[in-house]
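The first chain written gets the first letter, and so on, giving A, B and C; residue counts start at 1 in each chain.
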């Protein structure tokens, strides 16, 4: 309003003298618009402007049976003397087009050279320069302005008040005239839009040399014959092409489900669950195995961030994605086959843990020669030596390993790689993927840590994995740590004969990084949780006999969002005969020559990049199997891209492309509690190393998947389309653009945001 | 042919019943009816008939009685109803629709004064409301004529060259409640006279719409077609008279019933039972040596203009007796027919028997005496009779 | 367990009617509830023989300009108050001729609640063999948006510039009082229920009445895309009860609302017709409760089954 006031301040009382010199009377104005745009009011507004200037006016609409969106016309006539004409306008001096989609030869009917034309269009004047060379014309994106100002609905935008702003400018009228007219007509809310149009309208003068004046308004000499009603009994379908009523068109588009976006391995979660639902285990496996080298493993031990992000959590519980993955890996017969590579490369993978296996798998799938160098006797790394068998049984691991090796990968076991060997591999192979995992485990640096009976959890787990006979425990045991290794240690200790197991963690239970279900299982089996305790010293003579625990209070949140533990002076002592440390591991890349450095997970010799890529924990320290798998795959792809001289496909996710819970129509889905995993009875598992979790009993859980952002061909759009213009086609649905009115009900009703409404003018929003 | 003693209301209903039965081999008969004095007996009689493939729906209003007839006729059935006065006025909107759809519905009207103030006695003002609505209009003067006219109206309305609704009128009470002899034909004869109803644009299997939106140009064309079809009804009626005579052995009355008009210097022009009284007056005056004749207008729509001109040719005086008042103008019949008289003819309008007054020959004689004195036409006169 | 594909995938299969009842290229506004209804009616009707009677209303305009037809079935456009009587004639003749034709009246709220009420009541009393569908957009839409007796309290119309004061007529109560074989309200947001009711109503004999809340973006001043969602909100909030009445006696509640204030608030805020009248969730609540108490009494349903919808 401030701007408007300033314009007002400089204006004197307007009258007809403010009009351009070349304006002649009677002045006839014709408007072409669509029902709902406010065309008739627009004509009335224009009349009011001329009335304000002291002229005689008349204005009227061309009334018919038109509906919102259908083409309509309105007229305004202006004269210095009383108007004695009651006809429509056939030879307009001014032509206003409220929707550029109406432009066509008929529109210019009777418009002589030199006439004034105003078009509502987001295009520039050059777009129309040829068509309207003989006219003085203006272009304004009134729809854009009015939509921005919230005039009308987003589908049916009322643009009249905006357009008149541009019209006033086209005639060089002072804006003050509009201010008065709008206020009198109760439209002062729209003045801001009018002023914006007044400022923004692009105007082009006529080019001399009129070629042909379209004539119009002649009396029709021969009218078409009209059949008598008494003879009319035939079916003649309507011909109205309603597709040009709208400015928007719906379309089918894939958006990213939060599970897919959250999966560190880059699995197409929605894809494999929907395939499982529709086509069964093998079809699901085919999709899963594109990105996932170790589904049997991940289906058991993945922390499943996909489930934390699952949109169904907002309704009745996340989809049990992890167990569906397990189901597929346990039941599918599908085996991927290695393709033929156009240009096969020889690649070395150092370390046969999850990252290395994933990298090797992806490379071998694409037909490359892969050799894995593993320092231990058997493949698997942390999978084999860090995860107890009751969580990841040997045969499950073996199934994944065999599938990987069956692609023709060469295994060099008992083959540690040191600096020299690294240089040799760099020479011999086209590229090397280093995925050696974490190095040494952290210690506590507390007094008495060297006492006998205090052991690193990982080495305990490795010993245990060799065979339960090797590890026999008794007495009270304390595990220190809150991650999966800590839980694994605690539960393994119980199974190995410890009479009691306590787990000491310095933060609260909610902040334990271990998988929540694992914590629950541990408690169920008898592990006692001691959160908010920090070990400060170990007691004992030679052999550990007790542990001093300081109470912890939680302070302000750290950078990672977790509250910082503050160790107090209050301590208690806890008697025990054995302690397992599960505090995490260091990350040391000690196998590179001194002249090499690591930048962006790649080795460099000075300014020269080497074909050595790092993957998994040694590169990222993410610490989960799933991250390692994803990272291994991406490292393999980066290596291949580098060898091929291409760039790896950027996996940039735009936040707008992610399906938010608000975009899911929950009411579409019947409430259905998640299918829980089956477990062995507690008394059976507490002392046994058999697998505790039996997984799902079927695939019904897949039915619960919303399939966020991806069309399931659920027919909702088809059934709800009020005009029946959606039909099935080979790959989904087709929208008949010739008739679609762009109401957007299909988009609003899509249960899963697999559709969007796009502006026709700008292609896509 | 057997003769029955029945009221004119019953004669109309009986004719409709026979016509309805005659369509049993086609799409049947369906009618919506609603009572109003003095047409009630007609609907009552109809409700008492057994009509094979026929149904009489007792509607909740005249408006809906016509609605039901429209639905029935649009489905190809023969359809008939009866009403008058305010009932007709209430029905008018759907009467407009019936004509607009070009459906051959027949309606019997026992003419009655419009109210309030309430008045149940006869007046033509009710059916004349329908003058411009695209309905054929026929007025009868005795029981047999009522019977014959209803049968003819079906044939006329359903003729493919005409195809539009028809109104058959009789004076309320004076005729509707008069019992007299009526020759009743056999069903077989009626079957022969009225072939199965064929409505080419009826709602059948093919998708098309009746009564939908039109552009101005289309509506003009349809008005023109309707108008031409109505004009053609005059010729079609003549054919129907022949066919009627052949089957039933008697000839239905002409559109204009002339009585001793050959050398008449004075003509009485009227509609309905007034015309019968007029004929008595003509006889009386002829005995006195006056050259008087009568023209009874039976067919009001289409107006038989050529015949009127013929009757009016050479006439010195015309008394137009209207049983109606177009307030602020004069008699409707007078307004319609005066233009067909020659310029020198004195055409005087007497609105007589309005709102149920009993017009006796003496009244007419007085009026004619007044007319004889006239040197020129005067303003229309409303004549009060008891 | 799952409701996909919608309507068990019957749309556009051999179980569907081969041609839409309302053809593409009709002149209804985008997002019109009556259009949605006709798409559902198509699916319910399948290959049944139909005839349509339409009084003066938006559907009479949609039908198309002479001689074209937007409806794929024989149709007659009746006068405003006469749909049920014209349909009586059509149905009677069909019956006389032993034809399987199902006669449907498709009328707006003006032609049903107001000017056509007497006609409707009479046809219901005679128990004519007609399926009468009222698509209720709570406004005289065809004339530009004036109040009808179906306009809810608090709604702005061009003839109630300050918002309507009176609540809308209980049309189903009125129809149930006629003891007709079947009367039901239909929520376009509950397609399975809609399909079932349309199919039942098409096949039942005697007078059947369906009341369909029909979103009107033009009259309600709402986003065309939100039409179905508005119906859903009306149902969820309890504002539009979805139930059926058999023989005027047996009441069956089909969708149990959650009576959520949030849904009611959303319903009001998504329509600009409610913006300036001061109507709020709170002042609608007592009427909703009163009506539901009545419905519970009639249906004998004391404890609502909790079911989110």
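Points worth noting:
Throughout what follows, a contact is a pair of C-beta atoms (placed from the backbone, for glycine too) under 8 Å apart; a residue touches a chain by one contact, two chains touch by 3 or more.
Everything numeric here is computed off the predicted structure, so don't read it as measured data.
Contact count check for A-B and A-C (C-beta pairs in contact): higher for A-C.
Chain centres defined as mean CA positions place C nearest to the mean of all protein CA atoms. In this assembly, the C-alpha centroid of chain B lies 43 Å from the C-alpha centroid of chain C. With centres set at the average Cα position, the gap from chain A to chain B is 78 Å. Chain A and chain C have CA centres that are 39 Å apart.
Shared contact sites, meaning residues of chain A that touch two or more other chains, fall at 65, 226, 232, 234-236. Multi-chain contact residues of chain B (touching two or more other chains): 101, 204, 206-208, 210, 213, 218. Among the residues of chain C, those touching two or more other chains are numbered 61, 64-67, 69, 72. The touching residues of chain C, when paired with chain B in their complex, are 49, 51, 53, 60-61, 63-67, 69, 71-79, 81-82, 84-97, 118-119, 121-122, 125-126. On chain C, the positions that touch chain A within their shared complex are 1-7, 9, 11-12, 20, 22-33, 35-36, 39-40, 42-43, 58, 61-62, 64-70, 72, 189, 191, 217-218, 221-229, 232, 236, 308-309.
Of all residues in chain B, only 100-102, 160, 163, 200-202, 204, 206-208, 210, 213, 217-218, 221-222, 225, 229 touch chain A in the complex they form.
Remark: chain B residues 27-28, 30, 32, 53-55, 57-61, 63-77, 79, 93-94, 97, 101, 203-215, 218 touch chain C in the complex. On chain A, the positions that touch chain B within their shared complex are 65, 223-226, 228-236.
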